[in-house]
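Heads up, the thing below is written out as structure tokens.
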Amino acid sequence: MTMIFGIPLQALLGQLLIGLINGSFYALLSLGLAIIFGLLRVINFAHGAQYMLGAFVAYLLLTYAGIGYWPSLILAPVIVGLAGAVIERLFLRRLYDLDPLYGLLFTFGMALAVEGTFRFLYGSSGQPYATPAALAGGANLGFMFLPIYRGWVVVVSLVVCLGTWLLIEKTKLGAYLRAATENAVLVQVFGVNVPVLLTLTYALGAGLAAFAGVLAAPIYQVSPLMGSNMIIVVFAVVVVGGMGSIMGAIITGYVLGIAEGLTKVFYPEASNIVIFVIMAIVLLLRPAGLFGRDA
Amino acid sequence: MAVSAIETQAKPRVVLSARGLRRDFGGFTAVKNVDLDVHDASVHALIGPNGAGKTTVFNLLTKFLQPTSGSITLMGTDITGTPPDRVARMGLVRSFQISAVFPHLSVLDNVRVALQRPNNLSTQFWRPLSALDRLNERAEQLLASVGLSKERDHVAADLSYGRKRVLEIATTLALDPKVLLLDEPMAGMGLEDVGVVSAIIRDVARDRAVLMVEHNLSVVANICQHVTVLQRGEILAEGDYATVSQDERVRVAYMGTEEH
Amino acid sequence: QSAADGKVKIGILNDQSGVYADFGGKSSVEAAKMAVEDFGGKVLGVPVEIVDADHQNKPDIASNIARQWYDTEQVDAIMELTTSSVALAVQAIAKEKKKIDIVTGAATTDLTGKACSPYGFHWAYDTHALAVGTGGALVKQGGDSWFFLTADYAFGYSLEQQTTDYVKASGGTVVGAVRHPLSSQDFSSFLLQAQSSGAKVIGLANAGLDTSNAIKQAAEFGITQGGQHLAALLFTLAEVHGLGLEAAQGLTLTEGFYWNRDDESRAFAKKFFARTNKMPNMIHTGTYSAVTQYLKAVQKAGTDETEAVAKVLHEMPVDDVFGRGGTVGANGRMIHDMYLLQVKKPADSKEPWDYFNVLATIPGKEAYIDPAKSGCDLVK
Amino acid sequence: MTDITDTIRTERSRTALSVQAGFLLVGLLLLLLAPFFFYPIFLMKLLCFALFACAFNLLLGYTGLLSFGHATFFGGAAYFTAYTVKAWGLPPELGILIGVAGAAFLGLVMGFFAIRRQGIYFAMITLALSQMFFFFCLQAKFTEGEDGIQSVPRGHLFGFIDLNSSTNMYYFVLAVFLIGVLIIWRFINSPFGMILKSIRENEQRAISLGYSVARYKLGAFVMSAALAGLAGGVKSIVFQFATLTDVAWQMSGEVILMTLLGGIGTLIGPLFGAGLVVALENYLATSEFPVTIITGIVFMVCVLIFRRGIIGEFYASRLGRKLGFVYRR
Amino acid sequence: MAALLEIQDLNAWYGESHVLHGVDMRVGEGETITILGRNGVGKTTTLRTITGIVRARKGRISFAGSDMMQVPLHKTAHRGIGFVPEERGIFSTLTVSENLLLPPVVAKGGMTLDEIYELFPNLYERRGSPGTKLSGGEQQMLAIARILRTGVRLLILDEPTEGLAPVIVQRIGEVLQTLKGRGMTILLVEQNFRFASRIADRFYLMDHGQMVSEFPVGELPQRMDTLHKVLGV
């Protein structure tokens, strides 16, 4: 058997694949975070809560309405996105003219409140959510047993990430969004209804987080805490990637997922901090992040 | 460009010089092969069409940008690798194309902040603010010299655009720089201020070097002893205003056909 | 006969909104109230009062409340005390103020070891009992080679260490271990390593959501179907409920109580269910037992004065639905039987909350550290 | 950043000055008499958190840097102090000093990375780095994992003041708090503070005037870290333990809440913010309502309609202005 | 000439500071108007109030016969008003060509992309690079160019020649002449008196938030004295 650093090649391949799966979640989440930040200048601390909400909405739909995974995959992001739109309209909107730190603090409070509410209502040990029948079971790849569902996560996250990227970088709508980020008043003077655009953006970001949440439900325990465990790592991913580019967020998400996966083989104790260590190194070498523009 | 021995004797000494300056942005070369000598006690104008690379040259000289190649010497010291704040402390100070004041500080404080460093009053975190009062006299002198005495206690943000630029010059002068780099000091200024500022610059240049970017050609004609014309990142012509403005290439590339 | 200050007051201090809220939480408060009602609501002729507070897993809040309770609100005993940092902090205060504390929620053996107190008691379980139960007993059932998935901090190490000791003592082997950081979402990398180790038992030396996620993902990767066994070292009925039988089936764990064990436990559980809408785990029942025993002790001592009550508590055997035949060591450890439990297949579960098969009963003497060897300086 | 300052050098009338001196005196008197009316441990906790929040505010309110990692300094110092006092048997004052030094060092390291970016990047970097420190504390031997360092002896201050007496302990904490606030006050109203202010106003311009902006920011960061460490060290002596909650990121969130509630950029606002948060936590502990929900909602409400905080709103109110207070945006 | 834009007693505020004190002004269809005035008298504010950016305003603004006071900001362009702001407002996250294509076309009759590139070859050369990587002058050209595409009827320019090289100023002058020739209405604020006098049909002189006088280009020689006093020309 081929060995690399004392680890069988097969095991390594398996771990790479698993890293990629985790990277899918990082990518989806950091993408949404980057979009909201990029366009609204709001660090969406509630992103983890929205991810959690996605999973919970799927769970609730199943439990109380008998609506299964597939419809939930669309429905949950739409519901969370709508909730996001309402939040943006009612609250976030008032904070745009202020220092971005207020947006951060507001969404931080929101995350606390939402998480607290779900903990109050559903406890903290989580709820079960079964893998959809069509994706149950696994495939033997020779070097590892790959649950089919995990393969699906990688594929669908890639598709969604690329789709979002195309939407923002390559369409007129995206150009409006990017321009509005810089100078909303001027874009409005040009005849574009910017407030609606911003609402849509926040809804899109929240929806993406919820989508990741639904994807996560069959893998992780649906728990009120699932988001807060994730959010800080995703922040680090975003810092490493640099907020300048959407593509940067996506690529960094996958790459760091893989880096983390490999650490779990070579030095598992460090797997939680490896992303932070990478972040520190990147900051030393490229303060603006790997793909970020200089401020 | 070689400076002959006779010339160096006749002219004041070179305080800032650049050789073979070049800067690439991605595939685009914004500045290439620029040799520049700025002399003490003179006003040197850097002119050229928009996008010629004037601001970039400024950024390179003050080290806000790192040159891709070439070297820069300030008063005999090589500063090619020196960080911008060091360069400023060595006596090379710049203004910005977009006005740069401390908006929520008073006019007086704007100048005092600049005075703090040369007076070694910038790191004392244990002393009271009143320690700064001994800078007031000098600060007020500076304000008076640019005609801002009346606005002394206003918040800088409340000043009009032109007044802000004047304040910026006063702040810059507070550092008593050896070399002053001014990026379009008259842009957006009303005519009444243009006169004032021209006079200030001429005055300042009595005992230091000034390098300025300016589109207002009458100002250039009036106060600049030396003119360098930049085009597409390269030097197109050099000399005094009369020489340069007769240059056919300069007329086509920059000045246009009308009378100025 | 009467209470010294005319009041008998018990404080339930635990996590009611954080990560351990399901573990004990508000339901523990209910259990304490049940105990008081079952006791008749009064002792020595004065009404018994239960107060409760949510320490939010913050020792300084817990410490603040505990001091205030003892100092100004005439609370006689504080119980439950989830999370070892809180339990240790409060036990130290109780010791200083010469007041009683009975821990049911925290796991660390230090409470009856180097941090023991003459007025401190540890009631429901501890890491040692869990290790012996799951480690020792499972080997006897044939699970003789182990691989550990260990949470990378003191709690995880001590669980792993103590379990390893018992696995080895019972003739088993440990083929490897992997340390995972606290609150890892994804365990698949670690599970793959466990899988390729070929060990018969994968021991989960972690807690809470980490354990749940590991179990769920083990099912996903077909680990249990592949013939390997999962053993959770700290896991209770409440968490199994959250996980669902589909994912949890086959899992082995140790608890100090199982509601569906006999008629008495079922009767207690029904009453508990009527109040809380869930079946009790060992923390809930343990709290019920602790309150009951405390009241009995007050009754017997004829006063709520600390020294006297503590003396009775140390001497009087326990005899209730939780700790039948239990005794209390000089270090404050309540020694009672533990149960090795296995989660049923969904098809075998006959009613809601019917989750476990009892694989073995571990006698208290085996489950708990001999007080003489506990490192507690109160034991001569 | 909203630009807010306790202005020291604006024109104030003499009456206003004496009104403020009056406020100060009454405040001091209240603090001195407080232990006769309130539960001392509650007051000590309040003062520790108030100092922590003041230290945090030094960075946010006066330098415009929002750190989301201040728990590192607070909790780190708590660990250092607790460890040295318990394991090495150092007297409390020395233990606290070591805590402060340790926090300053951590501040130096974290600041070194974080000041490379501004605004929210800065916040995220400090958050991530403090998370790293959390994991370090979780795994390091000397912190004793989730048990925490327990039963730290309070000992005798300078060898003769018995801190086991809660009165002595209280006045010691009060003294530390007052000294801390005094240091902060001096710091922001010093030549150094002036440069910090100008950097916040226009960083590029400050560079062109020859200031090494990074060093000034780092200086402020380390100062703030050291003072946060002072609060943490004292807290570990007060409570006699140091645990993981002090280094967790929720603690960083809490100190932000205190500052926001009290008034960002006001010298004494954090005292009120801390008082409110600590009281709220205590009160909610025994109420039916889950703490996090309330905390979250308080945050949201504050940001939306109460942005200047208690003291800021007071300064900006008609009465406040009449009394000569200034709250500038 | 029919009035395309008519302003009566316009007042505007920034927060509590009252900046416009009753501006009256009339711009005829096809006319080119220049507002002159010293720094800070409220020229920019007048333009920003007309376009609706400054919303703390009172008075009457009618454009093409309809009242503009209640029209939301994002609808003004669709009524036919195009704005080139003083600070240019080039978007750095957009490339030059994206910047150029950004404002939605609101009516027929705008210039085509080819025409624009012909007018500003610099822009063509740098069409793929990020907007703010252009030099100051290039940015100004871009700011004007992108409005020309949209087909608005009234072009409002705030100091279009600020910071521009004389050749470029000349070229912009030519461009504005061309637009004038096509019947475009132009409202301009300018410090460069020479430039303004070459293209304007009529002048407004502004001081202290009011129009203090108004005269056609022909009267310029007689007015030089006043201008001298007010502007220091």
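Observations
As written, the chains take the letters A, B, C, D and E, and residue 1 is the first residue of each chain.
Everything that follows uses one rule, which is that a contact is a pair of C-beta atoms (placed from the backbone, for glycine too) under 8 Å apart; a residue touches a chain by one contact, two chains touch by 3 or more.
Only a predicted model underlies this, so the values are computations on that prediction, with no experimental measurement involved.
Considering the contact criterion stated above, the chains in touch with subunit C and with subunit D alike are A.
When the C-beta contacts at A-E and at B-E are tallied, the pair with the greater total is B-E. Between the CA-based centres of subunit A and subunit D the separation comes to 33 Å, rounded to the whole angstrom. Mean C-alpha position of subunit C lies 77 Å from that of subunit E. Centroid to centroid, with C-alpha atoms defining each point, subunit A and subunit C lie 36 Å apart. Annotation for subunit A: residues 116, 119-120, 269, 272-273 touch two or more other chains. For subunit C, residues touching at least two other chains, in rising order: 17, 152, 181-182.
Every pair of chains meeting the touch criterion is listed here: A-C, A-D, A-E, B-D, B-E, C-D. Touching subunit C in their complex are the following residues of subunit A: 11, 14-15, 18-19, 21-22, 116, 119-120, 123-128, 130-131, 138, 144-145, 147, 149-150, 218-221, 223, 225-226, 229-230, 261, 264-265, 268-269, 271-273.
Of all the residues in subunit A, the ones that touch subunit D in their complex are 37, 43, 91, 94-95, 98-102, 104-106, 108-117, 119-120, 232, 235-236, 238-239, 243, 269, 272-273, 275-277, 279-280, 283-284, 287-288, 295.
Put simply, subunit D touches subunit C in their complex at residues 39, 41-42, 45, 135, 138-139, 144-148, 150-151, 235, 239-241, 243-245, 281-282, 284-286, 290-292.
Chain contact summary for the complex, subunit E toward subunit A: residues 51-53, 73-78, 83, 85, 89, 91-94, 98-99, 101-104, 106, 150. Residues 16-17, 51-61, 63-65, 67-68, 71-72, 83-85, 88-89, 92, 108, 110, 115, 152-155, 181-182 of subunit C are the ones that touch subunit D when the two sit in their complex.
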